[in-house]
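Chain lettering (A, B, C and D) follows the sequence in which the chains are written, and residue indices restart at 1 in each chain.
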């Protein structure tokens, strides 16, 4: 029930923002802030509950209500450690998103925050939905507000970006819908019980070929969202053109829904098919790592650059998931978290620079360290995080993933490891172009304001903490090693 | 005592935090106090610790302290925990002690700089990371320190980031070492796959049972680790970053690129000695790499004109000696050379820094000269350092360590005449360029008028270092002369003793040869750069010599090679694919549907008769379908 | 006996139908188009009659009556429109009616 | 044939009376408002009648009619649509000087035709219903004769409709010739003998032409855009919803009775038609700048989707189709309602540039339009999503993979132009708002409310389809 409340708070908050802004525009952001913080508090409050919970059944909240009984659709939400961590991430980044649009968004504040909150609602719905119909529902819900965010508050080429984003993801999700239906009917014909319930569908027995096709339906949707080469093309445009908060949510959360989907649905429902396709997926992942890194290196638009780095980083996720090693699986979860934080932070940084310099072109920047030492220091930390420096969360993630993959697939793992070199190359290039060298921009730039400092500090601290004390996370998602037979042998 | 272990790295870390967070608001004195103070205290603690360690060694042979549980997942358990055995002890002492001296020196040296706080913050962070590196009890933590020092070196090389050259050097350093690191981490993966642990004592213990000597697996691991070492320690073929790294302030060069960080490779190999011993091939490769490097770098050092680049190349070649020693199995000798080298090379850099400061940032030695009178302290200390570098017999520490290596290069288990020959040549070259350095910088007529002389804060550390550059050698005498081997005694608690070959001429022969060679080197240096013999002068001008000189000067054209082989292709690929090829596909789809749209719109031409035709087409289609089926 | 008859009539009807269709396609004048449509309708009626005859049922003829009625209604509306068109455009050329298009 | 059998026909009788009553009212020179209100009440009466006779269902009225649940369901939808359309018509025609009274006669007659289609089980009734519908539509389309293009649209529709009914008749004749009966069930009995005869199949084929024309399926779709654009917006709504519902209803019944889906030929024909309709419709709409034309094209595509549900010819298919029609008509009604509301005497609000930045000028209206567009695009939270969902599930159940694949592909393409319109709605600035005078505030407000209610229904059905679904099932069971 508490989960329903979390959703309702967000939805209601969103509408409230919209209404409030009609009279008092500034009110909206406060409402938004309060709403998300409330959810974050609830999520945090759940944490001890989870720790206290006996580990044998990992689903410590499980709420089910009838929705469309005629179709066997039920409003079934449940929470396990994995979803819980993702919820925490969602609300944490949500707060930062609200904060970072505090000043940036001037017109139609109410509607803006409405979209922001509804996106968050959709995302958290995706993370807790245990009914495939509901899952698909939320999966779609989070798109539209995001689409509006991009198309209304985006940058110059926002229309192109928004269409691309929507069409790509929609193509994937329609395939997924088809797959869900196929699963639904197969299960129904087998058991006579037509239901969309996740736990019921887990028991579906599929012939290899059907399993493969159905899985592809799911997989393509998730891989587009992740995104993996060659389905990544929507990402740079969407990230580049979206408002700062939009990029933050995209990079920090929307991409993660893809990873979540693969772990939650593809692996458990289609164990055999997943195992069969694994080598190709790892290949795609590695390709993504290298290709993304190469592209990131050549970009001159700061946000596009960061976008391509996340293509590269998400490649690690794909590799980790399909290497079927529990170390790698832990690494994937860490990667989901830390990449969300670090890349989000980088986008915030880009946004702050854009606010000051009114450009995203790094060739027009340079030497900013002198004028904004605070941001410079932060930037070092963040670039190093994305370059996978130890003592920062990303290192733990990538180390686990590569270590786990190595035992199963040494060659590809080694190639993936080369990504570490490339990541160093592009991170340093970014650092250098923006902060080092002689001061280029003529406009006088001021260093971080208190608000911005708080945002970035919060992110940096959490990255460092994840790097030095990853064990709580690892324990929380430990049960993931049971989702696939290959994982716990 | 061991419960205070954590203080040693913690204090510098604290210093870093304070300076980086609050540095902007502190007075320079306060910054200096924190920056240098933290290191000095941890140096004191280290000295107490080592005193304690030496008089009553712990029965396990190591002080250990678990700070907190880092992570444990599926058999990979890592703690943030410290472990100090006698090998680590040597390194800690050097790091903290020399670190402290250099920090004190920097107080005066960096006084005028804008980013005083940033400098000390980075330096402290470096010391902390370096300490973690050598005190780590598991390889993941070691890798943490390993990358940490890399970061700090990047930050400090690019400390004056406005000048393009500096941050390029910084990037170059980071990337090239990163290549080595990547090899190393792959090595770690392999190690974990084979042994199922990364806890160093376990690794060493299990390796012996798990691997048969010379097994492929262990060789691969050893070579990968070696690559890591090569990267950090600037050995061939990854040495090109170190000379450029001199873009950083002199104290940085002294601490990071001479005394401590660059010797991390040595530490790693010594730490993993079991692995290396299990694979003779890897040992040989190590030795060869070391030997070749020391010769190549030495040649380059001979012809450089920038004082710091000379020292940089000489550092490379000295580390080459260490690798050579480790490679042939003369473990303690290698570590001992690190020990002595740390003192005199730090000394040389600091002194050079002082000279450069005094001469208004003049780096070219041929624009210096005649400083003997004007700055005597610098002169004497520098000379002592150079002498130690040139291994002047008996009076300098350099002699004792290098002599051992020369002798082992042939006589030790993995030794070989060729290695010995190369080492010998290296010794000659070293002596030569040390002499050249002294003569050109301090003798002759004055070419640049010196500014204000270095303050006492800078000179005192120099003197201390100078003293150690002489005295450090006395704790380990050649066996045949005087039976004092405190150092190897201590180190061999951890490292295996050196096995000697049979049937070689007596050690004294080698020593004499070495002494003679280095003396010849000194003399030839004198005659080349100070002597007036016209013959030599015109020989120096002869085209062949000049071309060879250029070749050496460019560091054997390694940079150009890599530029052509790697950098340019990389840039080319990235440039042509800037706007993502794969995007074309989707653009094509969009265009096709737009094209279709135009085609179909034509059918909507408003003509009723055409619409009727449409209906006709439909019915015809249906009928044909009927006839087909 | 009867079926053959029916089918021959059907053939005639078919020919009429095709003729009508051709007329609709080829004539440019709206009136003639309408005439052709009428021909088609009547051919259909003929076919019905034939079919009714085949089965000895009145339904065919009934249907034909309906067709007549409908045709009448249709034509009345059609003529009204024709008048309007002529009123507006001063011509009955169907190719003039191309205002509505992409 | 006794009076008891007439009871189920009550709604249709009332419907027929509606037009008569209107004629009388006009004869008595009563005002537009009175006619409007009376018509409204009559329609409500029809609804009540339908509800009242529901227990007597199913009831056959030999030989022409059969009133069963399905018929009642579709009639209900039709009546609902005509209620709304009538409301729209009022404000629409009040602004134009033409005398709108006769309009309602035609409107109700056309509705009656559509309603008859839903209950017809005999070629004669089918023919009568269809022609009643068509002939009144000719007049309705060209009703505003002074608006240029209205007449043109009417003419185009007339010629083509007459053509198609000629085909229909000829097909009927052929089938009658073979089967010897014009009653669906009678034909069904003769199937074993005739099902292989070429003439019979030819007959079916030619009938498809007429159906395809009414449903505006490729390649009989060419008229759609022009007629949609040319005719008065309420009439457009009528064509888009009622006439198509009626036609589809009779197609459904015909198919059910003679098991149309058993002929591979018919399946082939319909698959090809469905696929081409989806592709052509969506592609045509891509760059369309005229909202009415755009909706015409999208409706072509949508009936392509609907055919995918029709292809399997099973219970789920019928269910899906019914749900789809309901959702679709609500959606289109709200869309056209918005257009009606926005169009002024001078010009129809059909070109997209009128809508730029509408959301900032008239948030409510724009939101409604946006919702209906999202529903057309099949985005969750709207009825359109569930409609598409049911179609998909019907298809998946019978594993008609090719049409499904095309459906997915084309609906992705289709997204583009819906998003384009939505984007226009949210576009910046745009022309300053022309706050046109509200002739009859009451009707304006009621239209407004109707629109809001429709949008609400879209949401409600989109989130809680349970009730509607049960209703559909309940009615469909009555046969």
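The definition used in the following text is that a contact is a pair of C-beta atoms (placed from the backbone, for glycine too) under 8 Å apart; a residue touches a chain by one contact, two chains touch by 3 or more.
If you're wondering where the values come from, they're calculated on a predicted model, not measured in any experiment.
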>> From the centre of subunit D, which other chain's Cα mean sits the farthest off?
In response: B
> How big is the gap, in whole Å, between where the Cα atoms of subunit A centre and where those of subunit B centre?
Replying inline: 38
> Counting in whole Å, what is the centre-to-centre distance of subunit C and subunit D, each centre being its mean C-alpha position?
Replying inline: 26
> Where the centres are mean C-alpha positions, what is the separation of subunit A from subunit C, in Å?
Replying inline: 65
> If you average the CA atoms of subunit A and of subunit D, how far apart do the two points sit, in angstrom?
Replying inline: 43
> In subunit D, what residues contact two or more other chains?
Replying inline: 155-156, 159, 163, 225-226, 284
> Using the touch rule from the top of the page, what residues of subunit B touch 2 or more other chains?
Replying inline: 601, 604, 606, 608, 612
> For subunit A, what residues touch not just one other chain but two or more?
Replying inline: none
> According to the definition of touch, which chains form touching pairs?
Replying inline: A-B, A-D, B-C, B-D, C-D
>> Applying the document's contact rule, which stretches of subunit A touch subunit D when the two form their complex?
In response: 67-71, 108, 136-137, 140-141, 143-144, 147-148, 151-152, 159, 162-163, 166-167, 170-171, 174-175, 177-178, 181-182, 184-185
> Tell me, which parts of subunit D touch subunit C in their complex?
Replying inline: 123-124, 127-128, 131, 134-135, 138-139, 142, 145, 148-149, 151-156, 158-159, 162-163, 165-166, 169-170, 172-174, 176-177, 180, 182, 225-226, 229-230, 284, 288, 293
> subunit B touches which residues of subunit A in the complex?
Replying inline: 164, 229-230, 232-233, 236, 294-295, 297-299, 325-327, 330, 367, 369-370, 373, 377, 380, 384, 389-391, 395-396, 399-400, 402-403, 406-407, 410, 413-414, 417-418, 420-421, 424-425, 428-429, 432, 435-439, 468-471, 474, 481
> Can you name the residues of subunit D that touch subunit B in the complex?
Replying inline: 155-156, 159-160, 163-164, 167, 198, 201-202, 205-206, 208-209, 212-213, 219-223, 225-226, 264-265, 268-269, 272, 280, 283-284, 286-287, 413
>> Which stretch or stretches of subunit B touch subunit C in the complex?
In response: 601-602, 604-609, 612-613, 616
